[in-house]
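These are the structures in question, set out in turn.
The two complexes that follow have chain A in common; it is paired with chain B in the first and with chain C in the second.
Our next item is the complex of A and B:
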């Protein structure tokens, strides 16, 4: 994206320029590109084990960012995004294993399933407000799990294995996984960033700040929410398909695991809701915590839960919110800065 | 009188609680009507119901005779109704400029879609809003959170005007502001009406409402208890309608 400075054409204003990129943003964008290149090049520098945990990290990032888009911008607090991860995962297994379609093509074909399922789901749930909506999404995910447990097409409760992956060498699989990781981040994080900087961006931020007022200014809140719900379903579906492809095995219990909702909520709340930076910070914290303290089992989850609660009560903007208050250096600037030659920079939309 | 906006037996409820019991009102083109009443009389509910923020039956609200009750708020904006909501409800993460820009963007999008929309040629531009409230030009790049209450109210009004309304709904725009600031804001009213916009003012301050409006409705417990020309209604009549008692008011 090369949107740097656009002339500002409104009459009656001092001569200002709108700047959409900042030095910190340029550094972050460079680092992001470097990370993307490193991801693609993984088979040449990382072991299969390393690739596996980086893939998991990418899935966490993607799912968390989708939840951020839903809860942070659209005000849709879903605890059932695993429904779409599992649906896409199962679709991949059926397409590749049962129908013999190339698994790497099937990853993308399988995205049609969450996209199609998201439409009736949304129309079923969108009349529910706040916590009722959340419970509804959870119920939907449970229904998906129960259906898959009883559906012969997906081998019912016994689950499926992706045996066709045997046809590919370990190196080929690593290359594919690396490319899929890069695609996943490009679509979910890059896509969100693009969306927030697009002409929908201001409407989305308005909706985040105050949905009622946004609707009263002509923002089509209902339509935007629907689009975001479907987009998040597809994003989660892509993460699910890639995750279960790497796992080589899928069962109803793993496919529709509510753990995904927990981790997305933790990452976004602790990192900082309504920002991409927060998702990156939250994911790193969660990932490190998971590696170090995962062995403590239930008590570890209790600590994560308490941390989320504390942030929700006392620091609602999360870690990124605290950082942004102190230093004005966004990694992914979405606002417009107006540069006045006489006065320097002033004011910005976060 | 050809009413631009009218309500017919308007009924609204919050869950089990019924807040409006058959409210009939009319707003002529370019007219300014005040809606007064005590807390809980249903004034804000009335505006929310008209704006489509509460579910109401289609026939209960008419815009140019067309039934529009229960239309989604974003569609109401496209049809030419804008609201200055109670408590201002600005986009707190944004600068003054960006708050106004949301409305401009949406109006441009709607205009692009619908072509030349019938009526509603308010012709409000950023420049005209800045002429109306010069402080907004000065503070264009300031985050709205650091503005004073009065300045925030100006942003809210400017934002509503940039929706190019034929009907402007104002919910307690004087609430919590200093008398001097209230005068400044009310001074903008003639200019707004000169652009052909009809205004419904919900106001706690009876004197202010009476002096600023052509006609007024007084509400009590979800019903209209008094309606008439603002200049002809006496304080005693208002007191009676306001409190629902015969003689208690000075």
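Our next item is the complex of A and C:
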């Protein structure tokens, strides 16, 4: 991205430029592209074990960013995004295992299921006020879990295995997983970045700061919330389909595991809500903590829970919020800064 | 006959759910916040009660007498240390704070009491039943329903008649206007949460007597309380009571159709009410 010059028609206004990108942003974008290339090239430098944990990391990033988009920008605090992960995961297994469709094509076809399910879900739940919406999303995830437990099509409570993956060599599977990881991040993180820099982004940022004021400025808050809800369902669905394809096995308990909600909330709140940087920081912290302290089981989760509580009480902007207050060096700048060639900065949005 | 039996069992089950739902309705009505750790507090109190009973050989009534004041105290401290900091127009902070608390509580209980299911010895109370016209009704569920009715009636009366009730309703209607008339909202909130969690003291004893409790059971109780409140309609304690009955009956009938369908039937009725009458059966549109 380069600086965009916006010519003003009215001669009475000073000639200003709108600056969209910063040096820190350019460095981060370069690093992000390098990371994406490294992801695609994984089969040639990483072992199957490494690819597996990188895939898990990518799923955490994607799910957390989807939750961030919902809670941080649209004001929709969902604790039931696992509903869409499990739905897409099951759709993949049914399409590939039961109907014999190529699994790598089925990953993308399975996204139709969360997209279609998200529409009635939103229309039911958006009637609930604030915190009740959240518990409503949880009920929907529970309904999905109970339905899959009783549904013969998905082998009821016993779950399904993706045996068709045997037909591919380990190398072929590694190539596919690497490409899917790269696609997942490109769609969820890259897509969010693109969205936030677009015209919709301006509306979303206005909504994040104050939904009532945004509506009075002509932002269609209701419609935008609906679109974000469906987009987040599809994003979580893609993460779910890829995750369960790597797991090779799905059961109602694993498909609709509330652990994903815990994880997304922890990552986004500790990292810093309402920013992509926060999701990256939070995921890194969670991932390292999970590797080092995961063996402590319950006491580890007590600490995670108390940290989430502490962030909500004392540091609502999380780690990235504290960093951004001190240094003005965003990794993924989404703001617009007006530059007057004669006098310097005029004003900005963040 | 089988369906009449299911109906009666459903109403009795509803008595249990009403004891969870009342506190949630009260807290949401006054502060517009939902305590995600609501169900975990029931389980925590149950487990404390079970440990007290086995350590000192106490019967259900002494446990109840010990638990309710403890629950009131927990509610008061919860409001003072956590909820007063997050109450406000934005629902996010209170949700996240109580969500974190819920995770921490569940895992703390797991460490202290292990994952095993436990129950409170009722010294024969749990197995006694009365026969009415060929249908056997457990004595304990009848007591649960009677206590739930009493609690609902008492809470309703307190809200309508007492000075504290008026302060609560004023704070619920318009917190700033209430503050101008000399009501301290933080004090009112603390007492409201104390009352809401205090009721959970009753729920904890009866839950542990009626069935078993395990550290991971909290979220299910939270969901039942929530569904009861939404079905009944927000803003009235009797609405929460009737909503609990509807939920209990739906689940009991669902269980009769297929044991795997009971809880799901409750969820479906909840979604149906949400689709057709979003303000709830007794809510004002």
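Annotations for the structure displayed:
The working rule: the second predicted complex is superposed on the first by the 336 of 350 C-alpha atoms of A that agree within 3 Å, B and C clash if a C-alpha of one lies under 4 Å from a C-alpha of the other, contacts with A are read in each partner's own complex, and residues count from 1 in each chain.
Convention: a contact is a pair of C-beta atoms (placed from the backbone, for glycine too) under 8 Å apart; a residue touches a chain by one contact, two chains touch by 3 or more.
Bear in mind that the values here come from a model prediction, so they are computed numbers and not experimental data.
Of the two partner chains, chain B is the only one that A:208 touches; chain C does not reach it. Using the contact criterion defined above for the overlaid structures, shared-chain residue A:170 touches neither chain B nor chain C, since it reaches no partner. Looking at the shared chain after the overlay, A:199 reaches chain B, while chain C stays out of its contact range. In the superposition on chain A, contact is made by A:217 with chain B only, not with chain C. Measured by the number of chain A residues touched, the leading partner among chain B and chain C is C. Contact residues on chain A toward chain B in their complex (touch as defined above): 10-13, 199, 202-203, 205-206, 208-210, 212-222, 335-336, 338, 340, 346-350. Every residue of chain A that touches chain C in the complex is listed here, in rising order: 71, 75, 77, 79, 124-125, 127-132, 134-136, 138-140, 142-143, 146-147, 149-150, 258, 262, 265, 269, 273, 297-299, 301-302, 304-313, 316. Here chain B touches chain A in the complex through residues 51, 53, 72-74, 77-78, 82-83, 85, 89-98, 101-103, 105-107, 109-110, 125-127, 130-131, 137, 140-143, 159-160, 163, going by the rule given at the top.
Across the complex, chain A is touched by residues 28, 32-34, 36, 82, 85-86, 91-97, 99-108, 110-111, 219, 222-223, 226-227, 230, 258, 260-261, 263-264, 267-268, 270-271, 274-275, 278 of chain C.
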